[in-house]
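There are two complexes below, and they share chain A, which is joined by chain B in the first and by chain C in the second.
Let's look at the complex of A and B:
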């Protein structure tokens, strides 16, 4: 399984990689911004995306909107965000995200969500 | 942030790129909590920017505080210091119509608008964000009461008369707005030169504990 992590913070990407179950670490691609993340998605071959919401130039909501419903039907996106407003998960899921994890992501949270969306 | 200390030359502040990135992520989580507190208070959705982190000389600190968005605008600015294991001060910049917008959101029908609204907002945003940063770094801090630095004045002109802090400081800025409203704000907090080395050590400890 090829996993894409989209977050402008290298620290956040490290946190997430640390929280990923071992089988998911074999093929991880990182994008340090939304546009790069969309480029990588456009190249194909991504099976699962972890997406930050608060990024410069283009935020995670805009990434979800850009991917669109058709792409998101086949590409599960898990939002990982420090935005803990109650509306944030609702907005993200309304745009097609499968799940929402609050930062900093823990191994337990990630495993639960991966099971919930059926990829673990 | 607007006043300076006198005395011996201060050491130049330094924050390595890895530490700046980690601080940005820590602030991002802290500001997320602050946005949630504001959202809950007002029943609105709050958008925020990623943190901007700069190590700047005190003489140019206002360039970072202002940013392009704020330079030539009338703003209300509140200031609040924090003390304890982490020391510094924070500014909250608001659009001049923040009080009217807040009253509208809260359904308050009053005429005259005093400084209470920006003070309360500053207290909420700065307290939650900086408190969240300190908690992530396992530090205990307290806060001085917020005070209005100036109200409804063009920012560039208002800061021109302020004395500048000496030495290099670490500045962190986050913009936020209330979705579907013209309510913009910016929170900036500053760590003085004498605090920067300590901040970097705390971040190093945080990273070591997280990643070994």
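Let's look at the complex of A and C:
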């Protein structure tokens, strides 16, 4: 499984990689911004995306909108964000995200969500 | 002060919010400490994050270079000597981002978080200044000191003289809380 982590923070990307279960660590691709994340998605081969919401130039909501319903039907996107207000998960899920994890994501939280969305 | 605002009551609450992040990331927790022990010496690295919305609430985090590197080293599981300034800066920004989300929720601001950016005491002074003494000081068991302020533009609210910042432009949303013995 090829995993894409889209977050402008290298700290967040590093920490999320540490929280991934072993089977997901073999092929992790990182994008330090939304546009780069969309480029990588466009190249194909991504099976799972972790997406931050608060990023410069283009935020996570715009990434979800750009991917669109057809792509999101086959690409599970898990939003990982420090924005923990009630409308953030609702809005992300309305745009097609499969799940929402509050930062910082622990190993346990990530594993539970991966099982919930059926990829683990 | 509204009921929602009073949910962020000062040092104890902020220590709890910061610790909930750092406990997960590196097993470190923070406790309130006496702010007078650090003063401006802790303002070498300052990051400002607007919480969005019409009230123009912002959160400001300050630490020194050693503290930033120590914290980043703990988060990444690396020796402090291998932490570059870029890594330390990113770790501090990300910590503020995560804490800001909790503060925003506690204040019921209902708006998306802004982006963290570096700032300086000089820049803040140009905008009217913040009261150095109004920030809370948090100290970890690993001897990392952090200073945090939460404030809103006074033009969006009625200033309270006892908490107004220098020049009265900013209004602190933190009560003046001394460490509990």
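To be clear about the criterion, the second predicted complex is superposed on the first by the 120 of 120 C-alpha atoms of A that agree within 3 Å, B and C clash if a C-alpha of one lies under 4 Å from a C-alpha of the other, contacts with A are read in each partner's own complex, and residues count from 1 in each chain.
By our rule, a contact is a pair of C-beta atoms (placed from the backbone, for glycine too) under 8 Å apart; a residue touches a chain by one contact, two chains touch by 3 or more.
Just so we're clear, the structure is a prediction, and the values are computed from it rather than from any experiment.
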Chain A as common anchor, with chain B and chain C clashing or fitting: clash
First, second, both or neither for A:12, with chain B first and chain C second: both
Contacts of A:85 with chain B and chain C, given as first, second, both or neither: both
Chain B versus chain C as contact partner of A:106, first or second or both or neither: second
Partner chain in contact with A:56 - chain B first, chain C second, else both or neither: both
Chain B versus chain C as contact partner of A:30, first or second or both or neither: neither
Contact residues common to both interfaces of chain A (with chain B and with chain C): 9-12, 14-15, 54-56, 59, 81-88, 103-104
Of all residues in chain A, those that touch chain B in their complex: 8-12, 14-15, 18, 54-56, 59, 81-88, 91, 103-104
Contacting residues of chain C [partner chain A, same complex]: 21, 24-25, 72, 75-76, 87, 90-91, 93-95, 97-102, 104-105, 109-115
Chain A contact footprint on chain B (complex, rising order): 18, 21-22, 24-25, 28-33, 35-36, 39-40, 45-50, 207, 210-211
Residue numbers on chain A that touch chain C, as the complex places them: 9-12, 14-15, 53-56, 59, 81-88, 102-104, 106
